[in-house]
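One structure below.
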């Protein structure tokens, strides 16, 4: 029997993210023409895209919707048995929704929600990408040609979700999904959990939960795509600006995660990050790094300020402020 | 019970490498002053060093020795139970040597050898690095100050060992250590296994076995250290050249692994790689990429040739050619 | 006779800058150990330094002084005749001070001041740098070894001076020194000249005059050192931060000049820029690019704000606000 | 009167290069789609292109021709008077051909040839580029939008011509055009001038003459386009390779010029360099750096070999070896 305290290795990686957009064509242009992703399928209200280095057929799904935000977040299991183990645990926790035949490119999938209400799916069967002739790479180990179009993002990296109760959602990801906690921001002498960064892989974080200052549920802070070098992020900033895309912050370097970030809003309104740097975590007994108010500071390493919108804006945007008094009264310097 | 075909997750990562050197002081200068590693301990004939991003106290051990080459290669287990499981499997395979109290910074360790005769160790208990005051980083999640001295390597990445029988050693790493096979070079219609690249982590490879064209045993092809950006590798080439270090090949890009490489010989004679790029592997059911003679070509992506020494030279160097006729008769284009 | 409208080519380039510092040893540490410049001479209250790519023996002079600020700014003439021509023109304009035997490494020099009162010198004879043995480069065309110490700035690039009357000083540089006007910021329908960027070389600007919002005279906004790649500027930000140096702004990209900037304060208080990117100007009839309030915006290309201090702080710092009402009443968004 | 020994500043910069190609459409694809240049005009057998940072309307002309090679190389004068002065000098030297109304985007131009027979033109009147709406940059000082298509070369940098008699052509460029000699390769105790690198600007070289080992005349070694960072050159290598373009050498670093090079053959057969790094020269009395056989070595800084084709191949290619015995007998290691 697996000893209780051994790490769980049942989730292999973030499989893909669905983004809702009220401006479908413009959002598609942003990801395909500006960021350089490849469109692999369109069906109904949805388009499926991929980075040139993603091994799966699709890692980003865009779906026309009244408001921007995050749809289904999917995670690949490490084996059929691992899938069953996680589904059993999730069902036992009362978070399950049920099985489906799976979205484009995947086998049967189990849908559930996190405590905050974000929709997620687990699956094991995955269709490996087979590039059409014009997208064959001259590198046998690269699933698709590097086209050199626009930013040229390599792969999906991570996403940050807002949650009214960070701790509850963080525990869910640790206990039910087996993610390793990498870093935390805790205020008020450690009693208020502002954000937690977690991962099922060596990548620093593939999932972050950060407190929703509006007290809403099910919202997205940002979705992040990887490029290999910091210089690629700088080049991305030039390309975004030339294409009239609003840059909210960066390129600069976070203290938390050491990530080299560039945040822009895709035309549908979702915050998208072009990301590089950061660090890999290999330690099986990693001790989470915890930042208090003073250590966290502006959330950036070189002193660049992050704008108010970085805390206040998320998708879907909410006008009314439904935050609990306790949350509203906390002072939130920029903390992502 | 763990189903037989589920991936084994018992090895967390490459823990460290011991290099033998006949020119101890010069080798120490190379790693500390030129590559910018930190010296954390000297005892007896050995020095212990680290990259600024390594979480362990030491990841490189230099030991004075009559000839260059690789000493003990150590791997950290994911848990105490995982350690026991791997030790049991290794003992059963007849490759075990025995337990010790562990090298500097580690708890009890189990020593064994791979089929080719390289010495290895498994351990779980690891002393996390505690930086002295003058090496405190202003980043709370960075174990040590980035000093900006010389090349400034971040961490240990991988090593490539020569083996007379690649297949036997590759199977050992897969079956006994649980490494995932990432890429292979196979010649003669796939019947001759020239090299195999494997890893226990998302890092493309932490261990490679490549055929020893001299037919010798226990030798090292190269040891590799990571920097974050390709530009860092270019800068490293400038620094190595200004310091009179012989560059054997690069900076350039391999086709296999997509690694951006720079090979130099440290003064003791071992081949050391400054490395970036490559790609992470997340797929639990990764299908190894296999290259034949034609696909492998020169082993580089942009066409840069690799010199003969890249095949012929390894440490310790052997004058006599003891290769089996079968191996000698094979034509070996550059293949790493 | 030289036709009046032909460009003047009498000034070859910015020769060097003298910085005053009340914290001599710390300032020396900043330039030598953190930025990686080489100390070539110390005499009296002054130290002479150089970048590894500067062909002159010294391009930066540090002088102990009660307050930070800029000392003498020197310019090399293109020939002995060119030197005489410029001196004659300056004398005729009533800005001359007189000849000296020249500072360290130079022949006879002519001292003068610009209309705002900054001290400058012209010279032709220059001592080419001869590296001592330990600083010989392995590149025959590099005057000095690239040591890989700290930031590793290559050469002096430019400086920005504050002036109460930008137009008068800009005309001085154009008419008497023959600099080409590259860009301008003009507010109030073009009637208020906020800043002008000029150069005697293909480098975008080697001298900028920007309005002194405090109405003072003879002050320095920043002194700038070149690195070859944007990635070098990012690396510099890491090194500065690890060394506890205050970063005021950047790394980011200006709209004016397209310069990739990183501003920090050296311990003596002067603002120093690590700089790359920008663009070279080759057109003999270059039409200056003029920015109005709206076009200039925050002064940055990707939207990063510049802090108030970027306008308010200069060296020497002045407490009293002596600005003319006209200047004070103008709204100054960040404009450098 | 201008003193005889004062530098001549009559040529402002390399204006543009005409390349002949027997595969017009493929060559156009290479420069427009792979390198990312903009097509501004097509007329008769020619297409006119530009880099996004070139201030002139066009800097590259492609002309359909039976064989590849270089057509007219044009230089812009610094003033109308400078144009007249240079024309007078060239006519007096017997190298003149005559005036024309000028090529696309230029005013009257004077055509001549260098001693080796390459066709050149001088002009002053130049049509500044006016970008159409879809190519307006969001940077007011950038003549054209940075489109992020393919390699994205910024501007024309330089070209290298082969000549049977390097010295005669080098003297022509120095004496008649006023170029400054920056570096030389001289073999046989300095008696054989193998190559000379010269420039009318701070850019290290805009024109190189290198000995034609085939003893032919009027040939092109390579034409070079600039990108801002070394990382851009690495990215270019990926893009070229993905597009099936043959890379002859690089990315790597020359010792001469310190240039970071990447040589490929455009489909028409001409060697094209993607280039960055190098160094600017500001000294009015620059002492040329001279390399002998040993110092020159392989012509690269980090030890990467250059292939034989780098010496043997030029455009138009010549089968017969017409070299003088003296030239043929000289041993030519790779020397560019």
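We call the chains A, B, C and D, going by the order they appear; numbering starts again at 1 in every chain.
Basically, a residue touches a chain if its C-beta (ideal position, glycine included) is under 8 Å from a C-beta of that chain, and two chains touch if they have at least 3 such contacts.
All values derive from a computational prediction rather than experimental measurement.
Student: Starting at chain A, how many touching-chain steps does it take at least to reach chain D?
Tutor: Shortest path length, in steps: 1.
Student: Report which of A-C and C-D is connected by more C-beta pairs in contact.
Tutor: So, comparing the two chain pairs, more contacts are at C-D.
Student: Let me have the rounded angstrom distance from the C-alpha centre of chain A over to the C-alpha centre of chain C, please.
Tutor: Chain centres of chain A and chain C, defined by C-alpha means, are spaced 44 Å apart.
Student: Hey, how far is the Cα centre of chain C from the one of chain D, in Å?
Tutor: That gives a centre separation of 32 Å.
Student: Which parts of chain D, given as residue numbers and ranges, touch two or more other chains?
Tutor: In chain D, 138, 229-231, 238, 241, 301 touch at least two other chains.
Student: Which bits of chain C are touching chain A when the two form their complex?
Tutor: Per the touch definition, chain C meets chain A at residues 229-231, 234, 237-238, 240-241, 246-253, 260, 301-305.
Student: Touching chain B in the complex: which residues of chain C?
Tutor: 34, 137-138, 145-151, 229, 231-232, 235, 238-239, 241-242, 244
Student: Which positions of chain C touch chain D when the two form their complex?
Tutor: My answer: residues 1-3, 5-7, 9, 12-13, 53, 55, 76-79, 81-82, 126, 128, 138-142, 154, 183, 201-203, 228-231, 255-258, 277, 279-280, 282-284, 286-287, 289, 291, 295, 301.
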